[in-house]
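Below are two complexes that have subunit A in common, paired first with subunit B and then with subunit C.
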Partner chain A sequence: MTEVVLDGVSKHYAEMVAVDRVSLRIPAGQFVALLGPSGCGKTTTLRMVAGFVDATQGRITIGGRDVTQLPPWRRNTGLVFQNYALFPHRTVAQNVGFGLQMRGIPRAEAAARVATALQRVKLQELADRLPKQLSGGQQQRVALARALVIEPDVLLLDEPLSNLDARLRLEMRTEIRALQRALELTAIFVTHDQEEAFAIADIVAVMHRGQVEQVGTPAEIYETPSTRFVAEFTGVHNLLPGRVTAPGRFETTDGLGLACTASRPLGSLLGVRPERLALLPAGATADNAVAGQVVSLAYLGAVAEAEVQLPSGPRLLARLPAHQAAVLAMGATVTLGWPASASLLLEDAHG
Partner chain B sequence: MCEGTATRLAFAVSVWTVIGFVLLPLSVVVWLSFFANRIISFPPTGYTLAWYARAWGVADFRNGLLLSLQLGGCATLGSLLLGAPAALALVRGRFPGREALSTLLLAPMIVPGIVGGSALFMAYIEFEVATDQQLAGTLPGLLAAHVLIARPWTVRLLTASLTGLDRAVEEAAANLGASPRRVFLLVTLPMVRPGVIAAALFSFVISFIDLEKSLFLVGPGRTTLQIAIVNYLEWNLDPTIGAVATVQILIITAALVVTDHYAKLSRVF
Partner chain C sequence: MGATNPNRTGLLAVPAGLFVALFLLAPLALMFRYSLNRFAPGEMMEQALTLENYGKFLADGYYQGVLWTTLWTSGLATLICLVLGYPVAWFMARTTAPRLKSLLVIAIVVPLLMGNAVRSAAWMVVLGEKGMLAALVGALGLGERFGLLYTAPGVVIALVSVLLPFMIITLQSVLEGVSHSLEEAAMSLGASPRAAFVQVVLPLSLPGVLAGTSLCFILAMNAYATPVLVGGPQFHMMAPTVYQQVSKAMNWPFGAALAFVLMSVTLGLSIAANLLMQRRYRRWAE
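Right after this comes the complex of A and B.
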């Protein structure tokens, strides 16, 4: 159990700022997801912790030890690569045993630890295979076992699931999470998939343009995104510009008066998640109710997405249970409602 | 569809024409090495293996073959020792002039042998004038020339195999606690081993078949097999020459077949 701290860490490539003053404290035994779109600096941040990228500024400590200047082979991190990066000429057992060999662990002990690690990832039968004789999922398990067997101070995972099919991805992420809990490891997981990040992590750090925009539990990020970027990236599709006129009152630029919670006094945008919008039957009331015309409908299976054009200008995207949406027709007039607590007030920082 | 068939037929015909064009002289040489005739002429009066025995009996051929094999071996070693660091620098290094260096290192491949040979000869003479140290006609001088012609191919083959190497695998090793030296020995080297073997064999062949450069640089009593053949042809035209050529063809073919097993030559050139 080791705490990992990034203190004002930056990486500059000539003019390009890949990572910009990232500060992040990862408590011992916690699972942190770095979440953000392509090119936002997630991999670079992770590789700075592993030691493959030199930080231009800042300090990285692992378990209180300043590792900023240490080469990768002295850091005792366990890195799992997106493409697995197994040693092609070594068997599964030899792959897993490599780190122990480097640490000079006696053969018998190493063999026992390799066996345990392979058991953990359910690969004991395949110990003598070569990597090319394994499926992608099995290769990923080997990579995981190889990183775990050295008892790293921190487990680092760079989009480890992105090459797997949807079902295996779910299965692996549950397994990774279970192993991390069982071994009480501190872990950093890089992904651009919001659902994956929320599902696996204790703490999510949302990155944008090299900076960490918000750090919080999945629920905190989901309930109270702090910036427009975080809101949009985590699925707040409906954003209405306007201003707060009184505590709990928001007026959009096109003259719509909406209710929001009074706890946030300011905001130039009001956001609503599509899944928080509901179809209001005639006569029903809600904190917010707006009428409009259905302009598009898409069935996604369990849910359907409907776009509703408001007379005042904006369009709202609603994600509705499929059986409700089934009665809708294009061009029909509907009323959408949502509670004041679903209105998210945001500053339009990245206009 | 009809057109497709016609195109494919034309393609097949042209491919086989070229292959035939290449193979025909080789097969004729092998064939006539078994002729019983004293002077090469058609049709053969009978067949014999006597020319192979006679070829081994000719001191120039015997010594030429030995020298060529030794030179090939040493040139291979030399070109690997010089070529491997060069290939590493070219693939891994990020320094100004990398492209230029690459072109320079591969240049001996495209300079005609006669030109390169005469240039080397003149350089050696200049060197001798300046330092009083003889190079032309000496074994070190000859060996240096062979390293020079083999090395570009080593660089070419090793560059190809290093370029295809997944750096993440080396990083994985470093992450697991391997120092750079151990990463190189335990991970990089095994991964590029096919490329190294291919480079070694190919360098050997290139040195073994060289005639033009060696022509300028051999010394008295020291001729390579190729030069021995040319010398012999000046005064004789019997099937001995066919026997010598057949042995050569076998050595080269064997080396290339093994090379191709390790690195698909068609993918490198």
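Right after this comes the complex of A and C.
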């Protein structure tokens, strides 16, 4: 159980700032996901913790030990790569035993620990296979066992699921999570997939342009995104510019009066998630109700997406249960409603 | 028409196969037949079925000495190529500066555009008693009339310069295939860069080491221009000796026998090295 702290960590390259003053405290035994689009600095941040990228500024401590100046091989981190990076000339057992061999663990003890690690990832029967004789999912398990067997202070996972098919991805993320819990490991997980981050992590740090935009539990990030970027990245499609005119009142620039929660901080954008919009039957009321014309319909299976053109100008995207959307037709006039609590107030500024 | 029929695509190999059969295997067979004939001064040879040419090679210490010289010169030159070439190939495979890399590739390939004879002649100028090397040694006050021309070290140096590009290019292509993330994985597991190299990169590059050393060794064993020009009249390697027998002594049967000894030794050593390597790394190197 080890706490990991990043304190004002930056990475500058000749012409760009890849990571900009990132500060993040990861409590011992917590699973943190660094979430963001490609190029946001999440992988560079992870590689700085692993020691493969030197921090230009700032300090990184693992369990109170300042590792900022330590080379990767003295940091005791367990790193799992996107492409697994298994040694092709070593068997599964030899791959898993590599870290123990480097640490000079006696042969008998190493063999026992390798066996335990392989058992944990349910690969004990494949100990003598070569990596190329394994499926992608099995290779990922070997990579995981190899990182876990050295009892790392922190487990680092660099998009470990992105090379797997959808079903395996679900299975592996559940397994990774279960192992991390069982071993009470501190873990950092890099991903661009919001659902994956939310499903696996205790804490999500959303990164954008080298900075951490917001840190919080998945629910906090989802319910109360603090910036426009976080809102958009986590699926807030509908953003209406305007201003707060009174507590609980927001007026859009094109004159639409909308209800929001009075306690929310001020903002110049009002965001609504497509899934919070509902089709209002005639006569029904809601905190917010706007009428418009259906301009596009997309059937996605469980849900359908309808784009509704409001007379005042903006379009709203609504994600509706498919059976409700079935009655909609292109060009039909519909009323969309949402509760005041679904109105998210955001600052427009880009960090 | 079944252009994609696998049985028919085999036909595509026929022209090259015929060429090899006609112009390589046939002369080889003919040479082997010659090596069993008997030398007859004045009339090239007389038909026979005798092993006496091979017997002469085994009985005559001079020719065994030539083979031995050829072997250690080639072995040493190959070893030096490996030691000098590996770091360069490694650097080329790992550099992230694309311009530097293409520059290096050009620098390594350009010498190949010049024939061996031309380069060996240039080495004569460098290594001679009045050459550039002697001038340099003289200027540094390390000695006078320091020449390596017509010496074994001179031949080895010239051979290395001829063979090094082959070694580097071969090693580089294999090292390119050893992903950098493997080294990172090793280091994250506690391996120092040195341990990561020894445990991961080196074993994975062995197929390249084998290919590069085989190539250089075979080329060195059969070198002609370099031993003749840089080695001079006193330094004898196999290929010039074969030529000497065939063209000067007009002893075709013995020249042919020498050629087959050279070929068998070279082939035998190359196959042995391959088998040794394959036995060790059979499972993943295939």
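Criterion: the second predicted complex is superposed on the first by the 349 of 351 C-alpha atoms of A that agree within 3 Å, B and C clash if a C-alpha of one lies under 4 Å from a C-alpha of the other, contacts with A are read in each partner's own complex, and residues count from 1 in each chain.
In this text, a residue touches a chain if its C-beta (ideal position, glycine included) is under 8 Å from a C-beta of that chain, and two chains touch if they have at least 3 such contacts.
Every value quoted in this text rests on a predicted model; they were computed, and no experiment measured them.
Placing subunit B and subunit C on a common subunit A by superposition gives a clash between them.
In the superposition on chain A, A:Leu297 contacts neither subunit B nor subunit C. Judged by the touch definition given at the top, the superposed model places A:Leu130 against subunit C, while subunit B stays out of reach.
In the superposition on chain A, A:Phe98 contacts both subunit B and subunit C.
In the superposed model, A:Trp73 lies in contact with both subunit B and subunit C. Residues 50, 52, 71-73, 75-79, 81, 83, 85-89, 98-99, 102-103, 146-147, 150 of subunit A lie in contact with subunit B in one complex and with subunit C in the other.
Per the touch definition, subunit B reaches subunit A in the complex via residues 166, 168-169, 171-180, 182, 186-187, 190-191. Those residues of subunit C that touch subunit A in the shared complex are 179, 181-182, 184-192, 195, 199-200, 203-204, 281, 283-284. For subunit A in complex with subunit B, the touching residues are 50, 52, 71-79, 81, 83, 85-89, 98-99, 102-103, 143, 146-147, 150. Within the complex, the subunit A residues that touch subunit C are 50-52, 71-73, 75-79, 81, 83, 85-89, 98-99, 101-103, 130, 132, 146-147, 150, 156.
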